[in-house]
């Protein structure tokens, strides 16, 4: 494979990976996860590695630090040449353990994807940051603490002094990820490897973290290897991009070139699938567009362009009025409730047949709770829900059961939502069996096969277990299961958020296609504004348990009224390196919906700014903060 | 000079003579206390704190002449008042709380004649009273000491007139005594005597092998060879008071029939069991008593082992092959577990279907036997500490007794009651022998054996006269 | 993500499986056919041939016991009782305990409170002491010993199952089953039960061993079952008198217990993995 | 926190009440102490009545139980039927012996099972792992009395190193504690191994490694502390069965502890001693579980702040 890295640069690379191959297992069970990958990283620059899930991005990054040794992996070929601060260049592949330990955390540091599990829950923040300092710089406990405090201030964590003595679980995800960054940068590494550092975070928090990494990089001159599958993030962060596919590097180029002129078919397919915010500007209805997928190594166009004119606004199928759901959390010894989570407060909206209503908002804003309340998984505290005109409160037990057939729910994590111990055929058949839709066993089997085909799978897949499928296939299975009971309304809760972009695009298309074919209504819950733009007829924006803005998609996206909607939209990274990075500084954490009993939140009044477009009246305070 | 350490199985909990009835109490306390009479290692009765006695008033009054110049360990003098105090206490409310009183109920009261003479006024004749005075509840206790210190204190800090005096007691661990040089029988040769409570036989043997105890008292026969093999140790095996029988259920099951019962006796090769399971440490018996026992009849011979005859008798009695026969026994008796299996082996050879049911001792004694819930047979081991067949026979065969849940035989009852009112030794012996013969004729039990008392003893012990009843007296013992 | 198991581990797995099957299967076969092999049930006694040492007499390969019975025959016949006690008690306890644990964990509320307090009380009662009292009241016997073990052990399973159910209850696949409209009964038995089976199997195999040994301890304390019916535990307890003079009396039943325990646990480990189609939990 | 303690206290009281009630009732069902006191002696029903009267056994059960509870409130367990020694005195001698033994056994088991379990987890699937697992299973295959006797034969009889029984110097702890320790170790090794495996697959372990920490630090600082949570729970649960096992080990080693006390009390149907012993043992088990809960908090800050 050609090595582009030295083409027209004169600076000596900090890190030079050459034909690196990594294998898991041995003998007949051996599996090569990374195949002869090579690239260079220059001091102070950012190299992004992109590629779909399982393409070997993480393994490559772990292999650089020789951490694959601990996961059962073996480097079976290649070199990892690292220029140490002293000037000598060392091949980490053959380096003794002692040397490696001196480099890890000191000269090369790493940040991982999951801020929730990257910090050891039983040690304080200060202890964990100080550890590397005492180890590599020989600081004593007091000096380490002082430095740790400085570092926390550097990553813009307020109240650093107190934070040092807190434990990870007392921090929010965004704060933890900042702690991780502080920890990684503690010894002033020359190279920082960030493996999807923002994937698990909200968009506004993601924007904050990206800013911090960029600022610190500029300040300390650190080179960064940035692993991500989000092309928007790539466009914002990277100088150079490496594209990986099935364990191989298929393309490497400066970021503008990749976006402007992708050479490898896979890169082209990848870029075609990336949803771009603003691509439907001026169009009132959602639109299906074809996606490129790789088939047998060749890109292939699937799907068609089609305007999704499915909604029928004569009579709503679902009417939600002043829905309120609260959870008791704090209790005194005698069982008296002291605190409540005000997850959903007096939320009202309608959904019409054939329509997709998107529910957007950040983590904890109450989106899922609405979905779960509608699906009777959670008991509402107040409000009314009418399905086809009938009040759910007035329904009999049997009617409520029937409702579970007519409303279906698709969860975010398709793997977690399939019982690992049953075949997918069993899972798909389950709604049919429990609602007694079909009695004959063979007929059920036929129906399962039919459903599998409808979502683009093979009938013989019915006999397999969930772990034998890829993420995208699993989500198709979940959709097939949701369709099995022939529902009218489907609640899709972050159903595409965990998927690779190309898979995501396919699933979105599948959902839209099914909507057209079956006149399904969707309540589409997500935090991804770009996907919302593509799929929804109308949008509702939630903040702290209340809807702050609701209206037709075009109105909300092109004429956002509420300051929170605007903040949300501006935080979305745009997959276009040419675009000016107009960054509004977004600071602060999302406030908590937990309140002491008796302190009810104020309910916003809504006003109609244009037909069907309602916005909450804002308090001055909130407007100022945004 | 020197110390001797003895392992006993149980801690009686109190060293007060009137509180307990376990042999282990005697093993230790026989060195602290003296009775009016005493019994030597040869089991012969001899004077103790009384130098002589005579029967007066048609045997209803016994006059004891007391030994003079005897002192309790605390310096208190021993005299007639002490004797009266002892028996008033035993027969009064204090004695009521314990198990000893009933042994001495034949005594009406004790009268002081002078400082060194007392009279026992009897309620009813008691031919074994003199033997009973040599042990247990009749041990003489110091009146002043008990009145001053109280009963509870006395329980754990005993004072007597015996050759050793109390030093310390740690419940469940040990009792330590030291020599009492002013003992009337002469100063003991040892300095110190320690009794350690060790309930597990294997542990006693291990301690003996390790040289940390000098005498082990709990030795299942299976462990005897281990002691014999050890050059530092000797195994002492002497005829003891314990007899073992399989008592039979005469009310239910195949054992209802006397011929069947006889067949069972003849079908079990008791000699083989003694040889193989007891390793020879026992003797066959014909009645439920040892040959040391008063009432023993050397002419009464056990039914011989005769398998063919037994089988034939069973057939004649109409017993079906495979008829069940259940034997209840104490589960914690390691030796009898084997004996029972051996016996069952013979019963099987007779074509019967034996089964063994182990019980926890209290359950067997409290419930199964008194309430007549036994199987066809049950295990009965009997110590007979008075060495008088009366004590055994009355409890075993008189109707209404706890140990006799099944038989109501007026003829037997009459004989048992009659011998209790007779002081004439010869005549009483005759009746007792008659009783034994009657019981044997009716085959009320399968007499198995009289098992030896065995001790494992460290060879450094000299002049140790092993008593058959485990009531040691270490006055003359010396160690190397 | 499905991760390929290292080949070395898989090889060991199959080695474990083979060993487990060989040990357990061999033991079970021997026990099943003990009636053919030893029609006398190991009961023929020969007081003249007591305590013959092993490997010297072809008629008594493993020697004889204090009553001259063949140790080999008794070891093999003895497996019957030991396995029956071990297996039945575990099956009983697992059935009761799993059911209670499922109900308590799933429905919470009063059922759970009662179960947990019950468990507290049982944990605070020293097991052997209660065994003694229990058997003193009920009398001894195989059925009673088994019954007691069930009474004593079901709480273990109930606790374990309840814990797993609590962890599973809020898992997404349970939620999604409920979202589909699956009823409680089906959720408990179709979705929760199969997912708690793994740890149950492990506890079961450990407890079979435990219970075989418990029978031995009861015999040691004089509360065992009919000594005429040979059992490993009983032989082990009775053999303690002969440890210095005739080791074979207790060592061979001890080895039998050991092989069975080993075999059962190897099988249990394997079964747990087998029950888990994802191969994720294999440890 | 106060609420938590109050709740645990109420639970403890409930447990103690239930335990004492069960035990008091069951022991009365199972036999008569008067008969036991009398042994096999020549005793009439009237004499038995006298003894029962003296022991206060003729009163109805609930009266006996209430008076026992009343005594409990002032720390008076009554007196032994065998010789009238105050039960509290017997317990005060036996309890330290047992607790000491139990703790030494636990320490031994932890000292053995933690390194072995960690090592097995690190070597997962390879031969040291297999060996440790098979050894632990073998450790589960022996009844404790058998192990105990074998140890005596080896260490005391063959080697003459250790006293076969009794509680004297520190050397007398070796065998009893080792016997119990080995049996506990057998189960704990598996537990440590499993929870270590779970922990080792966590992201923060990789993070710790990426900092350049030594293996030892990663394993024993970062991983073990997290794996300790199930271990601590289990050790708390084990305490009950530990006490159960102690009955037999104490008997073989003639250890003057609570096991011996309670066992002898059952054999003699000495109600006050048994009731007292079980109450105290139950109290300890409850206390240990409370300590376990507190230990949780120390190990895991997530629980502490709840």
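Each chain carries a letter (A, B, C and D) given by its place in the written order, and its residues are counted from 1.
Keep this in mind: a residue touches a chain if its C-beta (ideal position, glycine included) is under 8 Å from a C-beta of that chain, and two chains touch if they have at least 3 such contacts.
Quick caveat, the model's predicted, so the values are computed rather than measured.
Asks: Chains in contact with subunit C and with subunit D: which ones?
Replies: Touches both subunit C and subunit D: A, B.
Asks: So using the touch definition from the top, which pair is joined by more C-beta contacts, A-D or B-D?
Replies: So, comparing the two chain pairs, more contacts are at B-D.
Asks: In whole angstrom, how far does the Cα centroid of subunit A sit from the Cα centroid of subunit C?
Replies: Their C-alpha centroids are separated by 47 Å.
Asks: Rounded to a whole Å, what is the gap between the Cα centroids of subunit B and subunit D?
Replies: 38
Asks: Centroid of subunit B to centroid of subunit C, CA atoms only: how many Å?
Replies: 44
Asks: Hey, what residues on subunit D touch two or more of the other chains?
Replies: Expected reply: 30-31, 149, 153, 157.
Asks: I need the residues of subunit C touching at least two other chains; which ones are they?
Replies: Residues 6, 8, 132, 136, 221, 240, 243-244 of subunit C each touch two or more of the other chains.
Asks: Taking all chains into account, which pairs touch?
Replies: Chains touch in the following pairs: A-C, A-D, B-C, B-D, C-D.
Asks: Given the complex with subunit D, which residues does subunit A contribute to the contact?
Replies: Where subunit A meets subunit D, its residues are 62, 65, 67, 70-71, 100-106, 109-110, 112, 114, 117-124, 131-132, 135-136, 167, 169-170, 180, 183, 332-333.
Asks: Please give the residue numbers of subunit B that touch subunit D in the complex, ascending.
Replies: For this pair, the touching residues of subunit B are 10-16, 19-22, 96-99, 101-103, 151-152, 155-156, 170-173, 196-200, 202-203, 206-207, 209-210, 212, 360-363, 365-367, 382-383, 391, 394-395.
Asks: What part of subunit B is in contact with subunit C in the complex they form?
Replies: 201-202, 220, 222-223, 225-226, 229, 269, 272-273, 275-277, 330-334, 337-338, 340-342, 344-345, 348, 354-363
Asks: Which of the residues in subunit D end up touching subunit B in this complex?
Replies: Spelled out, the residues of subunit D in touch with subunit B are 30-32, 34-44, 47, 50-51, 53-55, 79-80, 82-85, 89-90, 93-94, 149, 152-153, 156-157, 160, 163-167, 251-254, 256, 260-261, 264, 267-269.
Asks: Which bits of subunit D are touching subunit C when the two form their complex?
Replies: 11, 14-16, 18-19, 22-23, 26-27, 29-31, 124-126, 130, 134, 137-138, 140-146, 149-150, 153, 157, 187, 193-194, 197-198, 237, 240-241, 243-248, 259, 262-263, 266, 274, 278, 281-282, 285-286, 289
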